[in-house]
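First chain written, first letter: the chains are A, B, C and D, and each begins at residue 1.
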Amino acid sequence: MKKVFLFAAAFGSLLTAQAQLQPSKMTPESSEIWSPVPRIVTPGGMSNAVSGFTAPSDAIVLFDGKNLDKWQATNGAAPAWTVADGAMTVTPRAGDIQTKQEFGDFQLHIEWRAPSEVKGNGQGRGNSGIFMQGVYELQVLDSYNNRTYSNGQAGSIYKQTMPLVNATKGPGEWQTYDVVYTAPRFNKDGQILIPAYITVIHNGVLIQNHTQIQGTTPYVGRPTIQPHGRGPIKLQDHGNPTSFRNIWIREL
Amino acid sequence: MKKVFLFAAAFGSLLTAQAQLQPSKMTPESSEIWSPVPRIVTPGGMSNAVSGFTAPSDAIVLFDGKNLDKWQATNGAAPAWTVADGAMTVTPRAGDIQTKQEFGDFQLHIEWRAPSEVKGNGQGRGNSGIFMQGVYELQVLDSYNNRTYSNGQAGSIYKQTMPLVNATKGPGEWQTYDVVYTAPRFNKDGQILIPAYITVIHNGVLIQNHTQIQGTTPYVGRPTIQPHGRGPIKLQDHGNPTSFRNIWIREL
Amino acid sequence: MKKVFLFAAAFGSLLTAQAQLQPSKMTPESSEIWSPVPRIVTPGGMSNAVSGFTAPSDAIVLFDGKNLDKWQATNGAAPAWTVADGAMTVTPRAGDIQTKQEFGDFQLHIEWRAPSEVKGNGQGRGNSGIFMQGVYELQVLDSYNNRTYSNGQAGSIYKQTMPLVNATKGPGEWQTYDVVYTAPRFNKDGQILIPAYITVIHNGVLIQNHTQIQGTTPYVGRPTIQPHGRGPIKLQDHGNPTSFRNIWIREL
Amino acid sequence: MKKVFLFAAAFGSLLTAQAQLQPSKMTPESSEIWSPVPRIVTPGGMSNAVSGFTAPSDAIVLFDGKNLDKWQATNGAAPAWTVADGAMTVTPRAGDIQTKQEFGDFQLHIEWRAPSEVKGNGQGRGNSGIFMQGVYELQVLDSYNNRTYSNGQAGSIYKQTMPLVNATKGPGEWQTYDVVYTAPRFNKDGQILIPAYITVIHNGVLIQNHTQIQGTTPYVGRPTIQPHGRGPIKLQDHGNPTSFRNIWIREL
């Protein structure tokens, strides 16, 4: 605090001049947070004979393992991801895909799998993402023995809030996200009146508890506020052949 | 509103006199809410080969199917419930049991089963309860084809907040509650400064979303505010042989 | 807890029968909470030469001391309250009045005065109320040396949440409420998805801090959930000549 | 989104390498948000004969216009700010001052005045700040006809959340902040379990409504999470002779 003050005092006139400028271009690293490192939790296995993960009766099944009928490319074209063995898999450079239907407040179940063949590291390993209303990214990444910035690891609200713990399973294993999301409410000035909140359970372990979403989740730059209405579930092509299956959503 | 006013105006002097009295005894029915009736959702089944329901590595296993070593009667005596086939079952009139350990903020997984032989109705069928910090009851009840007051059915914060939907499975079937709970913070005046919040997923279906707990959950009377510190997980003996298994907790 | 259990066990069959009935009629006293008693805080006086209480430039002035043009009876008729000396005063038995305009989320400033001649006691002294969206009552009462149930004194969310402290000024003195209110959001099932919240500063003293409103605020019975859209500011005729002035609102 | 993807795909190997590095140094501009610009609201004047702004009976008076007995420099030395005419004024380069007493949850009233002689612009005009628990800055700035980044103008949570509107009065005029603050609760992992929240009324106009504080409020860099206990109210020396008066606090 003290140092900041002295710096500000010493360069007061310079600061004043700078403050009139538009912000300079940020680098991607500007919005990385590396500390603390969420501690590792090994998820449990499956309990016998209980319910829980396939679609309840009031859910909209977004992907049942057979086809991408509920999905499209972000430009409206047919989605160019592959479907095989009950899973959909990113075709690198085919682009993001999103649901045709748009949603407000919801519960979402989704399962994902990082490639069993480990390639790359940091953000380059098993990277994908799930965007609430097409805007707010819940990170998908192979964060098993793969250090990156904490607010960019699996289960983070990308470049905002790191997960409480790291409950990631190994590459090639199916993982679950159970998400509860309530959409932001904007006022007529375009400001947030009621923020968006998200709760995430990863492989049965709580990693986000009613976390307030601060705004957009850009790769470069700060969260910003952009009023919007309903939006799709969007899945990211980040160049890695990450897979998804058993996706369903319940409108709240 | 209008009628209330006229009533108040007409009997003003009487009301004034009554207002000096301590509240009269409430009946149990005074705190029942019968409408709306949460709509029925049939939970999904199990997805193959995923994680989720057995204890993660940082959990405290409260019951693993073998013994009641982590439990005691509310008077500190040995708990008189039965353990068989990997489950613990209420011995009617043996009294409530609670964990020896006390907790603040936590994630709790618990599985429960109403008796397969259907006996009684309303609050008399498969009734039990799970008390957060020994105080706030999350209702356990066989609410499958069994109408009762909405804020008393399975998944309600008892006599406060009904579940969003009714995701109860049939008698004799194992059911799951996944609970996220943050404890209330009281100020020095004994008032609530930060309320307790609870999120509950029942058989994979969201039924309470960051629900504020208003106070105690008595059978007769209103929620009241009673400052407390950490407390146990308490399970209720309500006279029905309801069973529990696979209970674990993670401190947040 | 123990006693409740024993009671329930002993009369189990009776309870089961009762639970099939609709709730019996509650008495007004059923929803009174008498303990704790909010401690008394004497508000400060006025600081010199500051801003704060008259309408900001973006406010809608609901009452400027001259006329009731912005108000009507709840049946749409002309409001029969009196206007004199810059204040409006309840004409007992003339009925509630409410704004012609309806509101969602807002900041509200309102000043009120209990009659300088002290008559009656408890709920019978200087009683009125301010209803958010025509539904949720913020209590107005002469709570200066006038004991009543805590969740019915001045500044309570009526029969729900007592004020943090009692900052009431004496009879005949003008008092201020500064209110921040965000409206509830309901889902298509008619349940509350996002609750209403209210913050109240009474004579400069915080008495409600982001308090969740549980439902309606009836004189007899429990809070209930009734979906609604925008609604008026309603002022209550409770049979006492309470006065109001300087009322303005800002839509958020 | 699309462009980000293409960028990421094109430079994938480079990104992977970068992601292993510690974050590069941010510039001050990296955390500025310039849009939207909060609309201007002209505050109202004073209502006659009401209470509100001087200390209630349960408040701790931190500054009554006479001396700095309750304050110290951040290194514990005597505070070198000037006291005259019932106000304390920053002595530029004398450093920040803070209360000797530390606080948790509180209501704070504080009045401030930017210099009547307008000098500098942007962040260089009438700049100071009020730090909750010594950590989280509520910005003080002459934001009257003085454009700067929106999350750095008067009433912003510095470099986090801009005020809902701009209710700043002119240079040389006394202004009020009425603040409600609840402290963050950290867990044993050093993560935020319950965030800090702040509500701010500026000159009678709501500008922050239960705003979640995301972390520290640095001049350069992102909000970070640093567990702490109680802390002082700290006032910033930012090199401008900004004044304060009538400061009181109520512990909640």
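By our rule, contacts are C-beta pairs under 8 Å (C-beta built on N, C-alpha and C of every residue); 3 or more make two chains touch, one makes a residue touch a chain.
Nothing here was measured: the structure is a model prediction, and the numbers come from that model.
Within the contact network of the assembly, the step distance from chain B to chain D comes to 1.
Looking at A-C and A-B, the interface holding more C-beta pairs in contact is that of A-B. Centre-to-centre spacing of chain A and chain B amounts to 33 Å, using the average Cα coordinate of each chain.
Computed centre separation for the pair chain A/chain C is 42 angstrom, with centres defined by C-alpha atoms. Residue positions 39, 164-165, 182, 187, 193, 209, 252 of chain D are each in touch with at least two other chains. Interface residues of chain B, counted against chain C in their complex, comprise 1-2, 4-5, 7-9, 12-13, 15-16, 18-24, 26-36, 38-39, 74, 92-93, 95-96, 120-124, 147-149, 152, 162, 164-165, 187, 189-191, 193, 195, 209, 212, 214, 218-220, 222, 224-225, 236-239. Across the complex, chain B meets chain D through its residues 105, 182, 185, 187-188, 193-194, 251-252.
Considering their complex, residues 39-47, 49-59, 107, 109, 111, 164-165, 167, 169, 174-176, 178, 180, 182, 197, 199, 201, 203-206, 209-210, 246, 248, 250, 252 of chain A touch chain B.
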